[in-house]
Amino acid sequence: MQTILEEAVAYARNFLHQGKPASYIPELAKADPNLLGAAIVTVNGETFFSGDYEKSFTIQSISKPIALILALKDNSENYVFSRVGMEPTGDAFNSIIKLETEESSRPLNPMINAGAIAIDSFIKGRNTDVKLNRLLDFFRLLSHNPTLTYDKNVFNSESETGFRNRALANFMKDAGILEGNVEDVLELYFKQCSIEINCKDIATIATVLASNGISPFTNERVCERHYTRLVKTFMVTCGMYDASGEFAVKVGLPAKSGVGGGIMATVPDRMGIGVFSPGLDAKGNSVAGMKVLEYLSTRLDLSIF
Amino acid sequence: MQTILEEAVAYARNFLHQGKPASYIPELAKADPNLLGAAIVTVNGETFFSGDYEKSFTIQSISKPIALILALKDNSENYVFSRVGMEPTGDAFNSIIKLETEESSRPLNPMINAGAIAIDSFIKGRNTDVKLNRLLDFFRLLSHNPTLTYDKNVFNSESETGFRNRALANFMKDAGILEGNVEDVLELYFKQCSIEINCKDIATIATVLASNGISPFTNERVCERHYTRLVKTFMVTCGMYDASGEFAVKVGLPAKSGVGGGIMATVPDRMGIGVFSPGLDAKGNSVAGMKVLEYLSTRLDLSIF
Amino acid sequence: MQTILEEAVAYARNFLHQGKPASYIPELAKADPNLLGAAIVTVNGETFFSGDYEKSFTIQSISKPIALILALKDNSENYVFSRVGMEPTGDAFNSIIKLETEESSRPLNPMINAGAIAIDSFIKGRNTDVKLNRLLDFFRLLSHNPTLTYDKNVFNSESETGFRNRALANFMKDAGILEGNVEDVLELYFKQCSIEINCKDIATIATVLASNGISPFTNERVCERHYTRLVKTFMVTCGMYDASGEFAVKVGLPAKSGVGGGIMATVPDRMGIGVFSPGLDAKGNSVAGMKVLEYLSTRLDLSIF
Amino acid sequence: MQTILEEAVAYARNFLHQGKPASYIPELAKADPNLLGAAIVTVNGETFFSGDYEKSFTIQSISKPIALILALKDNSENYVFSRVGMEPTGDAFNSIIKLETEESSRPLNPMINAGAIAIDSFIKGRNTDVKLNRLLDFFRLLSHNPTLTYDKNVFNSESETGFRNRALANFMKDAGILEGNVEDVLELYFKQCSIEINCKDIATIATVLASNGISPFTNERVCERHYTRLVKTFMVTCGMYDASGEFAVKVGLPAKSGVGGGIMATVPDRMGIGVFSPGLDAKGNSVAGMKVLEYLSTRLDLSIF
């Protein structure tokens, strides 16, 4: 497995030049495009690493499925999915059109920005700090990393320039989708997106999903089976933005990418994979990261299809 | 003329029950739906009044053509229309779709909310107070009413609930259309919309447009000819929200309505008309107000077509 | 007047190189881009000509307001406008989006392709030939030219390549907007668009609109006053495709353009103007044709605003 | 297994009244809403039947993944997916909007009507009959049923009323997506949709997909492994129209529904399932059919997630 992982990373390195760090969040634009790392954690707790696997980066949209689980713990499934849909969308992750043309104004799913912002407004807590701490604790539990926290510079950068997300949040507030104060929800969302993690962390979280809720290092249940299955479904149908269909064909794994350059992929009953490379394609997915996953999926026949 | 104006108001009174005060701004929802007033000011300074013509109400979107003139005084025409288009739209006044689907993200025209908010961001002044005072002074000059000011309760109400306008403004900020700080621009916009006026005030402003810039009471030029013509054009093609086409067929006058219940109409070279009745139709136009204008247009053959 | 017309044409000649003949109908692509002609017919029957005013071209969309009048003669106004709206649109002339997003699926106005095709389906006659002859006779009456007919080559070219119009017609048939057989309606529409006319013909029709229905050469009423006013309104709000707003600002006349290169403009109570030059801009309007009208409007102060 | 299948059908019978046969194709509206059948074929060739499993119905959209395979055999994968995308869409199956708003005008995926019509235009053959016979032969091979053919009445009904599909096809022809003659492609598409099958037939086809291309009755390879995996991916992300996301969460199987009331579901490496009940929900999926699958998936833990 170690050899194959090394091969995958070596193969992916050829595509590093095709990606470009996210430019719309100033702090992310500074990332070194040559970074590339990967980690595998099996459901039995074995670990394999390669490249810049210890380099930390911000979690960004990879946080969406995890925040969804917390919102589902805090609310009934009916409530959550009456306000955020379950359907994939052919629109971009930050598109606002569907909010106006859909009769209910509800965002199509929890993996696009609008849906993820709404989801954050359903997380319980008497103020934003309490909610944030609950979120951080849940991420720490799933990643088996008690030191996880958010990056203040990235948070400030996102908050100062997040006009499109502010537009989405205000639109949903007007439509009665969003709970609470708009700026409070956005603060929580931007802080959540700014959580610093590395390849091992997301591989560990992915392994919890792979084993339907069991931590690979403690063998304890850290998440309900039902929720892990549910988010894996969303990761297949809409985890890779509007390239999810193509990714399903080429890789065939539940996965979630973030504009920080990370991708979290899960192989049911077998392992979790975390990859990282800041260079993104036009749809916002890490170019070299996807190549690592493509290589692993083909070589190890990992596709669920 | 006085008799005909009385007839028009009497006729329109039959339609009072068909309208409903704007509900989306809490303060406006309190308006008495039975109010109905009208005022005519001729280019020679003659005045005719009927009904609740002295009752004051908030100007809302009727302010848009006037704010546009100020922005054009402060900037080149090329600059303004490179950021806000000149085309009518079949979409609702608060629609956000076209901002995403149009290549340039620029709002289609200065009479829809998105366009009017962008226009306010082009008004010069070293801070929001200075800008507001410049705006208020310009409204006072055109209306020959030095005491015009904004209503603090309505302003607060709009500011607290203006999520859709906040969405539009943030979307345009993201797209590089809006100048300056989003919340500052919105403060100016909400205060502008909250200016208190009455039928006589808007009739007077309309007369300035009718006479291509000359005040009917002082005979002095208070606005450039070119700008008065330009805004009259916008008033024909998009002054009555997405009912502008039907209004052009039925009434045939440059006009601008506001959700406060007012409509300002101008009869080129002859007179300005101000009407007010808080009951709106589904598109946001005063039901009885339009009936007054329909009656006057038919009876006096006022249509420009 | 003759001198001013010559000046206008000379001025417009400088812009010939900026336009390109319509490429999407193969027959139109063959047009000589250097052609430029103009004709004025006053309501008193005086005529002024310049350039290639006798050169014939196909009427294309200039036929839309005239076909609308015939449909209004054949049906109640209520019926027609329950199926085709009255509102301008910011979308392109051949856009299909609004047909799906509008609740009623009705086209926004009779000047865009969808609306004009629907309008043709309301024209009465026991078969397509009868309908076509009624249309041709009406065009002959208004243009005072008994020999008007359609160009078979252009008709064939449009019919063979008119896939977008076929899409619009079938979409409206599905939505219950279109009457009768889709292909029959399209045959009528394509033949109507292929009517051959010249600058003098459209200037004459425009003069009938200018005089509210009186032929300038016979002094007889050839059209109801109400309908002439109605179509002039549509010509202002949506006669120049999605450049209507800008044209209203710059020229300020009711006008209708066609991709054949013609523009018909009407100066209420004074005259009709017909211009022709095949080079179009990106929105489908004749570049030099608009320049002739801009010059005339400015020089003679013709704007209705 | 037989018992569980019976239980599933008995359970689903409770929901029969919630569905309504497709009304937009007149022939389909005549279907008996009380019909309900199911068939299972395992990869080892075992068969289990329940209810109206022998009742034949028209295949409709269930044909889409199969026609896609034939088009992929006839053309390079690059060619096919340069003209039809791989992405799920939140729009309805017959939506035309994305064709206009997407830069390339290509339909988002081969499972929506626009995509499936385009796919049919890529199938090789010197005329429509040859193409149809190739299609029929491929369906016969996969279903192990040499007598499959299309229903002439349903074909006529679809062809006479298929205005929306005609709109889609003409739009794509205009955009250069569709190959060949529009009416010929539509004839092939309507005939393909009219193929008569029963639950056993679609269960058999589904089993071929489950076993990656091996016929359960002959043990011969009847389809390339790669293509079976590819279509299973599309079935997960967009097989159940714009309810695919919710179906993935609730059932978690690659599936394709048709408005004839059938659903084809495949359980990788284990079995194919065919269900049939004409009553549809608002999104076009068989209500009782989905209940059978939900029951089986839960009871037998079939979800791939």
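Just so it is clear, A, B, C and D label the chains in written order, and each chain counts residues from 1 on its own.
By our rule, contacts are C-beta pairs under 8 Å (C-beta built on N, C-alpha and C of every residue); 3 or more make two chains touch, one makes a residue touch a chain.
The model shown is predicted, which means the values in this text are computed figures rather than measured ones.
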Set of chains whose contacts include both subunit D and subunit A
none
So subunit A and subunit B: same face meeting same face, with over half the numbers shared, or different?
same
Rigid-body rotation angle, subunit C and subunit B, from Cα fit (steps of 5°):
180
So, comparing C-alpha centroids, which chain is the farthest one from subunit B?
D
Taking each chain's centre as the mean of its CA atoms, subunit B sits from subunit C at a distance in Å of 32
Give, as an integer number of Å, the spacing between the C-alpha centres of subunit C and subunit A.
54
Calculate how many whole Å lie between the centre of subunit A and the centre of subunit B, each centre taken as the average of the chain's C-alpha atoms.
46
For subunit D, jot down the residues that touch at least 2 other chains.
101
Which residues of subunit C touch subunit B in the complex?
85-91, 98, 102, 108-109, 229-230, 232-234, 236-238, 242-246, 248-249, 252, 254, 268, 303-305
The answer for subunit A against subunit B in the complex is residues 95-97, 99-101, 163-164, 166-171, 173-174, 182
